[in-house]
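Notes follow once the structure below has been shown.
Chain naming follows the written order as A, B, C and D, and within any one chain the residues start at number 1.
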Amino acid sequence: MNDTLRIAMIGHGFMGAAHSQGWRVAPRFFDLPREPEMAVVVGRNADTVAASAHKWGWGASATDWREVIARDDIDVVDIVTPGDTHAEIAVAALQAGKHVLCEKPLANSVAEAEAMAQAAEAAAERGVRSMVGFTYRRVPAATFARDLVAAGRLGQIRQVRAEYLQDWLTDADAPLTWRLEKEHAGSGALGDIGAHAVDLTEFITGQLLTSVSGVMETLVHERPLLGEGVGLSGTAAAERGRVTVDDVALFTGRLQSGALASFEATRFRTGRKNALRIEISGSEGALAFDLERLNELEFFDATDAPLEQGFRRILVTEHDHPYLAPWWPPGHMLGYEHGFSHQVRDFVVAVDEGVAPRPSFADGLHVQRVLDAVERSSAAESVWTSLAG
Amino acid sequence: MNDTLRIAMIGHGFMGAAHSQGWRVAPRFFDLPREPEMAVVVGRNADTVAASAHKWGWGASATDWREVIARDDIDVVDIVTPGDTHAEIAVAALQAGKHVLCEKPLANSVAEAEAMAQAAEAAAERGVRSMVGFTYRRVPAATFARDLVAAGRLGQIRQVRAEYLQDWLTDADAPLTWRLEKEHAGSGALGDIGAHAVDLTEFITGQLLTSVSGVMETLVHERPLLGEGVGLSGTAAAERGRVTVDDVALFTGRLQSGALASFEATRFRTGRKNALRIEISGSEGALAFDLERLNELEFFDATDAPLEQGFRRILVTEHDHPYLAPWWPPGHMLGYEHGFSHQVRDFVVAVDEGVAPRPSFADGLHVQRVLDAVERSSAAESVWTSLAG
Amino acid sequence: MNDTLRIAMIGHGFMGAAHSQGWRVAPRFFDLPREPEMAVVVGRNADTVAASAHKWGWGASATDWREVIARDDIDVVDIVTPGDTHAEIAVAALQAGKHVLCEKPLANSVAEAEAMAQAAEAAAERGVRSMVGFTYRRVPAATFARDLVAAGRLGQIRQVRAEYLQDWLTDADAPLTWRLEKEHAGSGALGDIGAHAVDLTEFITGQLLTSVSGVMETLVHERPLLGEGVGLSGTAAAERGRVTVDDVALFTGRLQSGALASFEATRFRTGRKNALRIEISGSEGALAFDLERLNELEFFDATDAPLEQGFRRILVTEHDHPYLAPWWPPGHMLGYEHGFSHQVRDFVVAVDEGVAPRPSFADGLHVQRVLDAVERSSAAESVWTSLAG
Amino acid sequence: MNDTLRIAMIGHGFMGAAHSQGWRVAPRFFDLPREPEMAVVVGRNADTVAASAHKWGWGASATDWREVIARDDIDVVDIVTPGDTHAEIAVAALQAGKHVLCEKPLANSVAEAEAMAQAAEAAAERGVRSMVGFTYRRVPAATFARDLVAAGRLGQIRQVRAEYLQDWLTDADAPLTWRLEKEHAGSGALGDIGAHAVDLTEFITGQLLTSVSGVMETLVHERPLLGEGVGLSGTAAAERGRVTVDDVALFTGRLQSGALASFEATRFRTGRKNALRIEISGSEGALAFDLERLNELEFFDATDAPLEQGFRRILVTEHDHPYLAPWWPPGHMLGYEHGFSHQVRDFVVAVDEGVAPRPSFADGLHVQRVLDAVERSSAAESVWTSLAG
């Protein structure tokens, strides 16, 4: 019997650091049924990926992901590359019988995401697991919000407001990175952060969006190039390059129950750094969450005595709150990367127990379809658009 | 020369109490060029309007507004009746040479509002003044927000989010009042509170909306009647009546500069009692306001030293903040009705100085056109819709 | 039978404006058993008091308070002069059979306050009522806090923290006013604002302080004189005068139950404008209030489900909250001066019903004894000091 | 040359987990001049310490700290045992030439702390380093607060308020642990959490306390024993044991500049889980910090334009904020244990560079003297008491 789970991570940018921290820390706090071994990290440049391997504690580095996937001694492939490469890597890995954890968004197009979901379904029949990395589901306050909704504490859900607000493009001279190029990023604010708002809404409410109306907009159309390697398109000759994705996406969606949800994803809300916020209003209560205060959940209980009602600031740091048991005493805060430990914990347990982890590739495909419908609606004067096309 | 300004108020519901407080209190704190005299209040029922007159300190009461408007000794007509009666009263009063202060929304339809704006324009040529009561402009924090935008402290405006959140219809058994009947109220959340969000956006940004995309929805379709006099429709025989207005309105608009603004007006956001909120994001700063904390304005100055930037909670209670000079020392809070004193102050000064007060009937007509465009967009699958029709 | 209650107000500074607003507005919102008539306001300078009478709506003005007290047609004497004059006026008024409402602090010394409390007791036997103006008890959130404690929602009270933070002396060149002169003000931060913190603590907990340990300190010892009339001492020759009161008072007290309460009164907490705050911690819950957000009360219910506990932000604006019924719909905010209307309401009802209003002069005397014990403790190296002396 | 720094950790309770996380994570994010090797963890029970070693990633475990200290291949001794054992271990380790990182409080008595400081001073002459673990100094917002004060952004410091509020003893049936036994813990709230408030005050202001006045109190005198091993005293026969430390400590102190600081340390503030808060008021600005929102620092700049002043909520997550460079993008939050990585970073750099790390044992001794003076003042009716004795 094999107690170790050998991990290969493909990609080593910002998300690579976060995933590495998850693999390293999770087994120190959670009693995992199998011990992850940080076997190998893969990047295009041998020197830089070797440096990452050393820095983040991977046992080895490599430059050819296909070779790594083909290795017998790898159990899990963790994909943290830009979205345009997810489909190829993930499908290959699943076909090679590797469990796959893939960063969000699942892919840059519905077609790619469909291929991935099909590959995942086929692999599942062979006991191979797959999961997409909507990590914010695993912020304890968000998980606890889901629990409260599932327990009926909100009654019937009437409205949802979800927004993901950043401001790093407010400066019109912020540089053109691959995240602003459609060929690599697929979309801009919509896919990068709006996807989180959609997933969190569906996760907490337990309902899927069925149709949308939306508008996407680019506010600053040209940005400075910073030489080779900054933008991936290699337009080093020109001094400025074209922003080909949206800076702002505003959309409204309808949930399965018929309730309306409104969304905003933007990189232009001055002063808001990483404000993934959701407020869910129900017939018996309401919940409000803000990632900038990630250890807190606000809960309004409409069944409290009428004169005593108010939004409660719950510090989601009690021993019995989701994921909290192995961490610190009440009132000791968790941070951004703890979600990645929780993700590792859930993924490893699912692999060990032979059950399908969530969010599945099918969940990721659904989010992709929402994003696609928003793009179609935006292109059609914001007319209501069904996910079905 | 006449130092007194004799006021007739038509209507005496909730808004009548607020306007009465404005007329009574303003002269005690502001040095007004003319002294308002609370001459007469008009209602349909002689007994109840007499009681209101006594309670609120009006010199007399009457039941026929036409007679009152015809009186020579009345200088100002203050209209606080439901929206479906505004046009008839206001036009008659203006034609009779009375200055008119009319509660919002200006009217229940664009056609009525157009007639009123025309009457106002004609009256202005004869020195007769008119103003619509978007009182929240005169909350000091809102006025100060406008001043900051006008002074360029936000740079170029990039995005606006405006919402007016209430929850008094969350209870599915809340009764059917005239505010839920289209024939009297014109629309529901859209016209009653969405109108404030639109006016506040245009006031603070100094820009008008030019087109919109939106959706309106009724969540609870039937509500209990409470016997005669509750609903104005007189459907006393039935036990439940039909809600014929929207409970929720979600819309996106484009400002003259091209910037996007998104709006939400709802009576179903559980736990939110009177949250008129606006956040304006610009290239050099941002502002956030919430009517539930009306003495505060949050200001983010993007020109502060980079490491020291953050939203400042400004207590808008300093002597030199708008309207604050005659009130209390710093840190002593104002409440809801102070805006009505500020409105009286500005209206009386404008009448005395012979200048046109704002918001004008033309401003009110513009808001009406925005609401109308939202209704048309909602009826057409949320397609982008120009105000021009 | 006399339905009117004729009021004489002695003094017409900042507090005079607030009291006038209370007398004028209360009868418009509350159904009072007797109608207050704002008969006469008294000041030392005939011209300025006449201007105040006109501005604030008093029927007449006068300069000799003894003459006014002697008038048969005056029912109530409302004292808003500096603290060094309270005793003489109040005792004379009570002896003349007038009901007395006296601003806080009751007096500048325990001896004066004792004389006043004795006069009040004697007068009460003749049906003459007296009350001291700790208005902040009548902020609805504070009254509701008292109600929650009285209903046992906090269980056994374990600790209290009360502070009154201002910053208007932070500027070392802020002028020397009578409030900074011991002969007129009695003490500085301690008596002016610390008194409120003490009264609010005793009011909400329902317990008296029995002993204290404290320290008082003057941070800026000399301040500019602004010519005649600024300081009352008339030291116009010198350019700077001596601050003879405390800028900061820090003290700890023991309540009757033995629980500890800690206090801070200061005019040097930069950025805090009028932050009267209290937090009460009990075995089953806790309450937190801040006058800078006076429409809110935070309540922590330790009997809520363990994972759902948190401080609730209650908007104390519901119809059934204390004093709220006649005001506005939920979510419409009250301001500073509403407390003065509530004070008028309670005073008039008590006078009409022939019951003793609270806070009584005896309550005011007790607060004075607390302040005196703090002064004695401060003078004795902060040693614990009994109120009994 | 030796690139590795071999660490032995003595103790393996809650603090052991936090320190382990610091040793493990710091080298993955910071470029450390020497690589820490988690060599051995020491505990009294061979089985449980072996389990801790496995769980937290230490290379080995041991039960005799003296043997471990005597080993040549150990460079650093990290002490996380209860306070009554610190002195013996630390002095022995320093004499053995090991660099020492010792959890706070430095010791349970001034005498022990003096011995430790002397040993540290002697060791420093031989190039052996020592540091005490007041980790909260290394929360980025706290470090940045210190930087702002040092840069003069607050002007002259006028007042300090520091409090550390918890509520875990609110339940009168919470069990008796070693933290409630004077022989092991030294003191209760005072030494455990009040020590942090004192250190943070002195760290941020750059000033030491010179004298204090205070009161300590035990609110619940007996608590249930939970059988062997819970209390360390081994009073298993009885069902309840005596609480021999303070539940609450309230004290006032004078800083070197003469400014007053007031303190509260308590385990009875219902609803407050881990609220280490400090507010510093100066002539040109103010700062407020709350550990329950540890990524935020509030800053009031009194030199801003007068109408624009307000407390700014700075998200201390920018790349150039203290310690932030190697972590996540702006707006991605850090948690409790990040301070332990920062502590490791600073300690390793100091050892490598041969400079004295802070807070030194002398700093820890000073805090101990403050606590001792508070105990003496409390025993003497709160009379002002000099640190010198």
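One rule holds in what follows: a contact is a pair of C-beta atoms (placed from the backbone, for glycine too) under 8 Å apart; a residue touches a chain by one contact, two chains touch by 3 or more.
Keep in mind that this is a model prediction, so the values were computed, not measured.
**Q** Name the chain whose C-alpha centroid is farthest from the C-alpha centroid of chain B.
**A** D
**Q** With respect to inter-chain C-beta contacts, which pair, B-C or B-D, contains the greater number?
**A** B-C
**Q** In angstrom, rounded to a whole number, how far apart do the mean CA points of chain C and chain D lie?
**A** 42
**Q** Per the centroid of Cα atoms for each chain, what is the distance between chain B and chain C, given in Å?
**A** Comparing mean C-alpha positions, chain C is 36 Å from chain B.
**Q** Indicate the whole-number Å distance between the mean C-alpha point of chain B and the mean C-alpha point of chain D.
**A** Once rounded, the distance between the two centres reads 55 Å.
**Q** Among all residues of chain B, which ones touch two or more of the remaining chains?
**A** Each of 272, 309-311, 315 in chain B touches at least two other chains.
**Q** Under the touch definition given earlier, write down the residues of chain D that touch chain A in their complex.
**A** Residues of chain D touching chain A: 14, 18, 20-21, 24-25, 28-29, 55-57, 166, 168, 272-275, 291-295, 315, 317, 328-338.
**Q** Within their complex, state which residues of chain D touch chain B.
**A** The touching residues are 144, 148, 297-299, 301, 304, 306-315, 318, 320-321.
**Q** Which bits of chain B are touching chain A when the two form their complex?
**A** Counting only chain B, the residues touching chain A are 154, 158-159, 161, 167, 170, 172, 213, 215, 217, 219, 248, 250, 252, 260, 262, 264, 266, 268-272, 279, 281-286, 300, 302, 309-311, 381-384.
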